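Presented sequentially are two complexes of chain A, the first with chain B as partner and the second with chain C.
So, the complex of A and B:
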């Protein structure tokens, strides 16, 4: 269902949930975000990739928590500052991004989304589906799929 | 009921239900090709299956029905309501037969020729013409004539005749019009009361007659109504098919429910509000019940895992040239689908083993007064929350002696240990890696892999495996496994502030260790161990395994007390050190996310009662982690080292303290008993201390003067017994038993010691027991013989690494240069290839494979070794051995314990050579 609606939205406009990590404005398609959670207790998982922050319990389902700060080479999160969890689903499993805050849902015309500039660092380029120019700042549209691949999956 | 029939019944009932629906649709849309071909396909499948299962009555009816459908499809016949009615009748007929089969498992007797005839006539196009020319009324009457046999045949099988029936039916007969139409329905309702066949058929024929006369204004839908009114005798096994996905999902949901219930209960424990308590209790109760019912849906009869065995046995008996019967008992025993999958391979392996190793060839069996055909029996049954599966055969049983030899040869245990073992314990060695007693490797088994894998697989699913055998009568393997895997109990442990779960089935015990506690952590070259009863247990910190940060300041180093979780996986014991032990919880294992799959240490994860996510550790991977720490005391379980030098074999040592010096060790193999002696009971005889021991006088020997007997109290003594001599060695303290390679690093300069080696990090003196025994016998004459230098080059052949090690230093001290080999074959190779030439050969008599006699004969056959004198050495000396050794060309044979004798003979034969 979500796929269909995305196809429909692509031709006209895109609804994005906006969020901030280290003051950078990011957006993901609204249908990708299943749930937005406040403070959660995270269980750390040893021996895994450093971007996996742990696991949390979402009403009986286990959600793998991903901290993309490490991937984007941003300074580590200050554990004392509260954070927000954006839960997404990928191949039947739940994942959650840790972000600093979540903002409004923006509706933008699909045509206004431009490719990421070539001088953007490769680790940023990998996860961005495009850039949208807002009046005051730039919004990077996240492509969540690369976030959920950890070198174990082929696609 | 035959399982095939059962499945056929379920499947056919489903298809028939669908056919009803489709036919009605077809009637409404006669030109709809997809519907028609669908109907045709279903009917065809039923016919095909019937033919396959030998259900001829069904097959004939289905075939006739299919004929008509085929003609519809090819356009040769028009789809008319009348045609549909005919098809529906054939379906009803099939249905009634299938229903009967559902309850009885066999096709009911009966005759459908009337129905088939009318179907065939219709198919040939005759019936249609008739209907068209005769008009509606006659056509309908024709319908009746057709319906009746179908219904009667169906009923005849149910009715067994009764006088009352007769009365009833005649009443019915008497009634006119409408009654006659409903008659079949009424009678069939009573079916269960009626018996007797012939009268009934006669009666029905009457009814039929009545019908055709009285049915003046029949309606076309009457037969359909009659058919519908025929009671759907509920199939005995009412079942529907549910996809596994749905079941898995349900299982998961119930798992969640259980977890939520647990969470609620936890809250309730903290804050008991009367208002909630009662409904909560009820919720808990219902949840448990729901869980049980859902569990039941996952259950499958074990017979489905056994299906392939008859074929397997047949193939194996051809391949092996044996006659084998398979008996299966308790096929209906149900267990979890997942478990069923898990035991399929181990079961297959064991059935193969029974056929290959157990059952003898027909000629051997007849020679042993057994029936020519051997039997392999599979038996499954419930036993208190577990399923037990026995695989037994009436073959030759397991040769325990050969297993003992194998254990010795592989250095898995010493002779003393084996002597103390029960048969059951000895048989357990079969499950060790690399253990196969099959004389020859066949395509089927005997490669020494398998039984350990079988055990590991069974243990993985929380089961145990046991083996018993009676020589000549057969053997039995018992597998005991839990009913379900879905819910497991785990032990929650904490390390560095993080909690982890360890499956309870692998946890053997919990030990608290610490500086001020009896159990301490000790280090050997950075590897941690604890002394646990008779063994050293390798211990690894969970923090090291998981690369967790070091302990936080919350647990100060100096008052540190750790817990060791002793785990057991596939015969290996190891300890995992953690900071805290929490509780045991029942959990539902959830698979880990893709992102974590690459870490083998996690078997899954779950949500605890407090809502936290927890990782479940995989004990097998933990064992591997610990196994990477090389420890000398682990069980040596590889047969691959039969080629390897004997010096690498493990020997068990008894460690003790004698006086204040370094620990002493004596090979455990030589120790007879450990005793506590009351000092007051020690007497003196001939100037040396003795004690009355088991009705005899036992000499107490002192090793040296660093230790003297206390004036009173209890003293420990190691008792040696060899060749009728028993001596006691009082010691200050018994320390431990360890298993290490016998590797003397320093040859002793002092009499009474063989030399020194490092055991458990300490320099340890190894006591020369033979010297002690000699001293006790008063033989102090060794010195006279030993003294000479360059006495010669000796090849020492013995399969026991212990005796090689005991004798080699002794011979060396007598001036010989000694080369040791573990068996005759190796010795021959040495003699042929080695650049050295040997002056004398000392060989053991009892060796596996090539014994001493055959070795001696072989030596004489080779030019290089033909003239070397050979001396036999045996633990069991008798006249026969002496005679045989002379026959084999040996100089003589001496008892193993008579070392001076050996030296004398050796010196004598050297002199003989020189002369």
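So, the complex of A and C:
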């Protein structure tokens, strides 16, 4: 019963967790997000793709931490500024994106999601599931799955 | 099409089809028995027909003898006429059936045997009897006899007598149909060849010997053999006929005696050829003819008896077959009913059991599982089906239980999350409350210190005023300097003491202000902690929002509370921002106070220096009396400045006190807000736990 009504909910509106990287507003569907963490101590892993910042232990589970700035060809982040970890689950594995900050959970009608504009840079377009126009800025809806395929195009 | 029929109808159809085949077989069997009966009936007809011919043969042969002997033939002719009349009636009765028709006779090349032409032959022969026996008459007798024998043969052929299937009647048939007509014919020929002669010579003797031999071998032995075989075989075909041997015994004995005698006489005649022997033989021929005729009559009757008996046997067989068929029909109907009941009733039971099963009562007892037939198999399969149904039901309830368990687990996790949330948020809230309390206490301390500072400043002002008065007294006393140096010295000492006191008071004011500065920076630290906690609450609220969104409908209430918690965190952040601003302002004011006090201290140092100079001047009284007045006025000016500066110290302390009051108010506000936060968290937890 609850399954049915939530399906209806998905059809009519979309809940997005908003976050910022390099002052760009991004959003991921709320069911993709698993947990938001403050900056955590991460362990570097040798000999991995450069976008993997390391790993952290979340209550006994290993979380692979991904710095998407590298992927999006943004300047590396300032380590002195505190950051936020957005934990997601993909194929049973936990992954965390490093973002500058998180905002609210935003509820928008599904119909307002548009395709990514063609002038968007290809590395942005690859991970974009669409855009939503807010009053003052553009919210890029993130499709996190391509982020979890490492090494293929890293170099 | 068969699938539309019920089993009972299918069984009925197959049974009917099977029974139909059986009936067809029985019909053909009964039909073949019937055709056997028809066969025998036809034989009876043949027998009847030939029994009408035989007297003719006999009497015509007799007539020939009488004609030869020239005795009166009228009586015999009348008898023969009667025989012909009987033959005609027999012909009209059986002629059609036995094919004594033009076509039937022609098909066997016996067209000359038509009754009309035989009657015509008889009429012409009748005429010859009125004359003396001639060769022409002899030929006429021979022809008529041959024709009648042909008719006998035709009746035998068309009536199936010749094909008689039973050995007893077959041999009787052989006697009546072939052997007796042949011997009567032969006796007639012998009569015609010897009775007109007085003696026999040469070839005639030989012929007599041949006739004797033929009588013995072709007629007597044959008839004897026929009867022997017939009697011997009689019990093997349709049972022993009681009348057969009994009735034939006498005629056969007579026949045997007559023929034995005739053969002996013929043999004797063949040797002697004497007239005496001819007479004897002629007489015996007549006896033999009679005995043959008698035997013929009896044999025909017995043949009838045998044929009737055969017909009875076949009819009995036919009735038995029909009775057996009826019995079989009844039995098969009974068996059909039993079988149908045995199949349909258990099937119906199983069908109703299936209905009960599909109706949901899966624990019902399945009947007929002990049966060894297909119904039993079906029942066993149904039992297996029932077993799997029960198992699947159990599995279903197991899954239900698992599902409930999982839901309970989910609830338990939610409750645990609420507990965790409570312990962390409540800890934070109480920390905020205690921090607010601490801050309140700190602010109160600052206020006290500020009041203290003000109080001490007032004291300094008073002392400064006093110092001014003393200076004027010194000025007054300067004129009386010479008079009272001791007094000046004392006054100077006193002035030095007051300056020291002022210095120490200013020092303590400085310390109090520094304490205030320290306290306010401690407040800043607390505010930083509160800001950090507000950030954590914000993240916690965000996670709660995500969790509630993932929980779907169940998390909707949770989401509302989470957003309220987030709002509170935002408010806390705003309040701490305001506090920080206030603290900064207070710190600025404190710094001003410290600067002022430092200036006071410097001036007090100067006062001390001036006082020392006064003391030195007292020692050089006379030399520097003029300068005293100047110094005094300078002292007065300094004191006035102290007084003036002390007022600004007082102002600073007042400002500090005001700021501290504001801090106190904000801290109280924070305390109230933290109480509200605690209340909201409790509500939130109550919502989660009740979810």
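One rule holds in what follows: the second predicted complex is superposed on the first by the 140 of 155 C-alpha atoms of A that agree within 3 Å, B and C clash if a C-alpha of one lies under 4 Å from a C-alpha of the other, contacts with A are read in each partner's own complex, and residues count from 1 in each chain.
Here is the rule we use: a residue touches a chain if its C-beta (ideal position, glycine included) is under 8 Å from a C-beta of that chain, and two chains touch if they have at least 3 such contacts.
Just so it is clear, the model here is predicted, and its values are computed rather than measured.
Participant: Based on the superposed arrangement, let me know which partner A:17 touches: chain B (first), chain C (second), both, or neither?
Facilitator: second
Participant: Counting only touches as set out at the top, which of chain B and chain C does A:104 meet: first, second, both, neither?
Facilitator: second
Participant: Given the touch rule stated above, what does A:33 touch, chain B (first), chain C (second), both, or neither?
Facilitator: Touch partner of A:33: chain C, not chain B.
Participant: Once the structures are superposed on A, label A:55 by its partner contacts, choosing first (chain B), second (chain C), both or neither.
Facilitator: first
Participant: Which partner does A:45 contact after superposing on A: first (chain B), second (chain C), both, neither?
Facilitator: So A:45 only meets chain B here.
Participant: Touching A:148 in the superposition: chain B (first), chain C (second), both, neither?
Facilitator: The answer is first: A:148 touches chain B but not chain C.
Participant: Hey, is it chain B or chain C that touches more of chain A?
Facilitator: B
Participant: So which bits of chain A does chain B touch that chain C touches too?
Facilitator: none
Participant: Chain A touches which residues of chain C in the complex?
Facilitator: 535-536, 539, 542-543, 545-546, 549-550, 552-554, 559, 566
Participant: For chain A, which residues are in contact with chain C within the complex?
Facilitator: Within the complex, chain A contacts chain C at residues 2-3, 5-6, 9, 15, 17, 30-31, 33-38, 84, 102, 104-105.
Participant: Would you pull the chain B residues touching chain A in the complex into a rising list?
Facilitator: 256, 259-260, 498-499, 546-548, 590, 593-599, 601-602, 605-607, 611-615
Participant: Where on chain A is chain B touching in the complex?
Facilitator: Interface residues on chain A, with respect to chain B: 41, 43-49, 52, 54-57, 60, 62, 64, 66, 91, 93, 95, 148, 150-153.
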